Amino acid sequence: MNRLTVNIKNKYFPKDGCDEIFTAIKDLYFELSNNEFICIVGPSGCGKTTLLNAIAKLDDDFDGSITMDNESLNENISYVFQTPRLLPWRTVLENIHLAVGEDSALSSITDILQQLGLGDNLHSYPHHLSLGMQRRVALARAFCVPSKLLLMDEPFVSLDQSTARKARQLLLDLWEQQSRNVIFVTHDLNEAIELADRILFLSESPSTVLDDIKISIPRGERTSDNIAEFKQQLKVSNPAIQHLI
Amino acid sequence: MNRLTVNIKNKYFPKDGCDEIFTAIKDLYFELSNNEFICIVGPSGCGKTTLLNAIAKLDDDFDGSITMDNESLNENISYVFQTPRLLPWRTVLENIHLAVGEDSALSSITDILQQLGLGDNLHSYPHHLSLGMQRRVALARAFCVPSKLLLMDEPFVSLDQSTARKARQLLLDLWEQQSRNVIFVTHDLNEAIELADRILFLSESPSTVLDDIKISIPRGERTSDNIAEFKQQLKVSNPAIQHLI
Amino acid sequence: ESTHPIKISVLKFGTINWTLETIKNSGLDEKNNFKLIVQPLASTQASKIALQANATDIIASDWTWVARQRGSPSNYLFAPYSSSAGSIMVPAQSTIQSIDDLVGKNLGIAGRALDKNWLLLRTLALRNGIDLNKAATKTFGAPPLLNNLIQRNELDALINFWHYSARLKAKGYRELISTHGIIHQLGIHTTVPILGYVFNEEWANKNTIQLNGFLSASREAADLLCTSDKHWNAILPLTRAKDKTTQQMLRNGYCKGRITHFGQKEKQAISDIYTLLYKVGGQKLIGSVKTLDPNLFWNETQH
Amino acid sequence: MSRSSFLNSSLSLGLLLIIWQLIAVMLDTSSLPTPILVFDTLLAELNNGELVHHLGITLYRLTISFFLAMFLGVAIGLILGRHEKLNLFFDSWLIILLNIPALVTIILCYIWFGLIETAAIFAVVINKLPNVVVTIREGARNLDEELIEMANAYRFGRNKTLFHVILPQLYPYIMAAARTGLALIWKIVLVVEMLGRSDGMGYQIHLFFQLFDITSILAYTVAFIIIIQLIEVFILQPLDNRSQRWK
Amino acid sequence: MSRSSFLNSSLSLGLLLIIWQLIAVMLDTSSLPTPILVFDTLLAELNNGELVHHLGITLYRLTISFFLAMFLGVAIGLILGRHEKLNLFFDSWLIILLNIPALVTIILCYIWFGLIETAAIFAVVINKLPNVVVTIREGARNLDEELIEMANAYRFGRNKTLFHVILPQLYPYIMAAARTGLALIWKIVLVVEMLGRSDGMGYQIHLFFQLFDITSILAYTVAFIIIIQLIEVFILQPLDNRSQRWK
């Protein structure tokens, strides 16, 4: 079934220097199943990264539960963080190998790197790459790791249009070949409409789900005109999320 | 006159582990003057950050010269880096104060922070902010520093639409109040057309200027329709830069 | 100024400090026209540094060291103070009855390989055809540590300085042979001083009167300590010995070591011993000075 | 110190004392006295004023040489860590200074300056300095270049860059140097005092050693450790907490 | 070593020798012999084989205790740095261990184990260990949490995280501990050998010290420093270069 249930009742941080607390997430609930692709859109600072970290079990200091098929999440996940998070002392290939495991085929890794335009940089150290290139390495790492759940935190910023287009296509291809649930955070609604099955709109913190929209355009027909039209409709039909569009 | 001349004949990096070199920039020349606002668009990894670092005199290991009114550049500059680069051990306010100098008015700083939606986080430490919030602090820092030249390396990524809109407006207001030259790197052509007087398109590395386009739409009339139309025209008239559009 | 100061650096708990305390307590310094300033230090090395740094006038040392320093920029002189010498101690019930029995035994040696007591012992054993350097298991170590180890039965025999030996004696340990015993067996039948006051030749020539006053005060004080219980009791805390037997052993050793006579015979004996030491200790101990310079001894009567 | 952390360290010290007592009873030798005996001696020495006198003098020497060594060490370490050429030149000097036996430097200092206070303090500084330099140098080599670039771009100037960008990054190295440094200096002071002073803890401890009076040695050691523990709890830990607030 | 850096260190050593010579001539005391005299002595000692013998033994002790102390120190330091609770508990133990005079631990070790090799090595390790722990602990407190999160997200597991994420970050701290550590261990070995061994550099140097033979002390020191310099140039610096390649 592959059904991920996210149910965060309360996630807070202590506030600097005083005993107050800051509630980042409150009563946030959603599900995804059957290798669904959802995008999350929400204002900067609303708690998207916090949410992904909770799902990835990097942070278990919250009230609520995150389960996969009613059990706590134990599977491998891939996570494209908001920053590249590469090991500076390992080359591009080594970084990916470490995450993927030694037994993985080198050819498939170099293939993905090639497609992301990093064919010449297999043995470069991260500090010798531009930020956009580092982000692409992080993307390649996530793509190479086989997993049931793929988390992506604004993965395609800092990429030029044509590279971003290629990366989006690669993501969709991959998702079709090895189907899995995908949670994809973005600020770019066009991108969200192009990629997602559903879009979750989050509120300002303490963030909850403002709206959960199914993209009705079939995957084959998501041209820029159709996307613009869908956006227009959305603006009219859901005034509550107008500021995010 | 305020005329900045950038003339980089050759900028190379040693390549990892061997004596080869990698040429990042070759024969790149452009000028800007009279408080011009130019945007730079180019593929990821082409050398935009390298260029800005050279202009900011953070890197003087290149052949060529960068002069302001025929003298080497000595003025104060503001630089929004591609990453926030805040001092983690200083609060938001302290970070800005350090760059601006102690004698600056607190009210104008808090005002700018307020407009960027950080009114509640004046005394937060950077690690306790979301990445988008950190980027906004870095923006505020650059806005608060009085300078003759403002360098911005993809400043508005990781911001949601409405915050990005506000930030763009703030930038234009500021530029009108305290006029200065602005060099603005972006991958988003819409953004570039909305903001710039001119757009420089760079080639893949070794990067040179592919094209130098003046935006003919008057500043008051840069609606999304007009921008889309301009883009369309550009695509047709300049096939060499089609992949960047 | 009428009373000339003399600065002397010695071990706080060393035997010389007993004498110096008595000099001060009884006003013997004023009587002899000098003012004694004692600088207590925590190690013998410290006093040698003090002398080299010109931070003191007199220290206590043995004549091998003085001989070795001869020729280095400043010449030092030696005035005998005591003939108390170390000895080899064994547990009371030990089977070791003579030096020959040390073969194969675990032998503790205070100081280093160039310790005089050890070198003389080796010389004597060599006469019997035994090279103790190879035949015994040597354990060099700090004197107090070794004293402790022999009491824990980790050593079979121990060569240590006389006041450490005295403490062992008080605990019932047996003296196998003393250094003087060894010297006698080596054919030198004179009891020689071991320890003395050491000072700079130049300083001595300038301050002859005070120096001689100091030396006679020293002898006087030593006599007082051996004859008057009142004086002895006054310095008892300095011995840091708690039980009566040890205190008595220390006093006996101290008094026995007083120098009554120092003349040509003794100088010759020292010279002979020096030659013996050179044979075993070699270049290392002696440095470049192969024979004992007779001018090394301070001649009290001449001045 | 909060109540729970107070409880914690009491527990930890209590456990240590129990272990000590057990070992001492098991061994039953004069060379490892029981804690009770040591504390009795400590009280006695406190009462007769000797301990206070010598402890005071040693702390005085320790304080001066600590601050001198730390200040110079941070400065030199920072310079060597940031200037590859200078470092290449002076690296072997540093290695030599680092590896000269304390004995040699102490003797030379005393002979040079005489048996005076300056000589003692100078000898300690000479012995501690290269350690601080080496530690700080490693830190200076690993500074975050991005933040330094930021400081340059915004024309922070030398002082601001030093105090707001560089020193906070060196903080863990400085703390490592300070924590191991206090201990090292104390050990060097012991030797320095043994070789040429007539007072101080080192002088006393070596006198006790000659008498093999381990109890008194331990009593003096305990007194010193209490001081260091107080410095840790009331100076270093609050400093840690304050400067790690941003985490 | 490249040719230019060889030139550089020759220059630097040359300058040092000149300074030494000048001071020695100026002072004109037996306590600071000229470099020529020292090198003569060094050659003589090398020829008669004594130096080689004692140096070998000391290096043997140094090597074993160095690796023991570093290995245990890194492990303990890492654990304490990552587990705040354990650290709170053992902090005072560490401070005590750090501040017990070398004399005390050495004596106790000798009394406990007897005057044997194990005791000597154990004493050295005990003396060096807390320094390593304190340094590494500071490093472990300042690891990059983002990278550790990444390792957790990708299920690196314990070993991979340790070797690829944590140890490379601790590298400067480990190097600081190693560089100051070699020097510190050497100094402790000197004391250990002085108090209860019958061979080794420490034994010899104290023998010379009793004779006040500074020339020989310096000759032995120079021999040791040459070894350390070789370790620096042929092991530590290449290690530095290799592990800083990514910068």
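Order of writing sets the labels: A, B, C, D and E. Residues in every chain begin at 1.
Operating definition for what follows: a residue touches a chain if its C-beta (ideal position, glycine included) is under 8 Å from a C-beta of that chain, and two chains touch if they have at least 3 such contacts.
Small disclaimer: the values here were computed from a predicted structure and weren't measured.
Which chains are shared contacts of chain A and chain C?
E
Most contacts: which chain pair?
That would be the chain pair D-E.
Given that chain A and chain B are copies of one sequence and touch, is their interface built from the same residue numbers on both sides (over half shared) or different ones?
Same: most residue numbers at the chain A-chain B interface appear in both copies.
Using mean C-alpha positions as chain centres, tell me how far chain B is from chain D in Å, no decimals.
It comes to 49 Å between the two C-alpha centres.
Roughly how far is chain A from chain B, going centre to centre by Cα mean, in whole Å?
Here chain A and chain B have centroids separated by 27 Å.
At least two other chains touched by the same residue of chain C: list those residues.
In chain C, the residues touching two or more other chains are 45, 52, 142, 145, 148, 152.
Could you check chain A for residues that touch two or more other chains and list them?
Those would be 16-17, 83, 125.
Of all residues in chain E, which are in touch with two or more distinct other chains?
Where chain E meets two or more other chains at a single residue, that happens at 29, 31, 107, 111, 209, 245.
Pairs of chains that touch, anyone?
Per the contact definition above, the touching pairs are A-B, A-E, B-D, C-D, C-E, D-E.
Mind listing the chain D positions that touch chain B in their complex?
Counting only chain D, the residues touching chain B are 146-147, 149-150, 152-156, 160, 164-165, 168, 243, 245-247.
Over in the complex, which chain C residues touch chain E? Could you list them?
Contacts found on chain C: 45, 48, 52, 65, 68-69, 72-73, 111-114, 138-142, 145, 148-149, 152, 154, 284-285, 287.
Under the definition above, what is the set of chain A residues touching chain B in their complex?
Counting only chain A, the residues touching chain B are 13, 16-17, 41-45, 47-49, 82-83, 91, 117, 123-125, 128-133, 136, 154, 157-164, 187, 189, 243-245.
Okay, in this complex, where on chain B does chain D touch?
Against chain D, the touching part of chain B is residues 53, 56-58, 76-79, 81, 83, 85, 87-90, 98-99, 125-127, 141, 145.
Which residues of chain E touch chain C in their complex?
Result: residues 28-31, 107, 110-111, 114-115, 194-198, 203, 206-207, 209-213 of chain E touch chain C.
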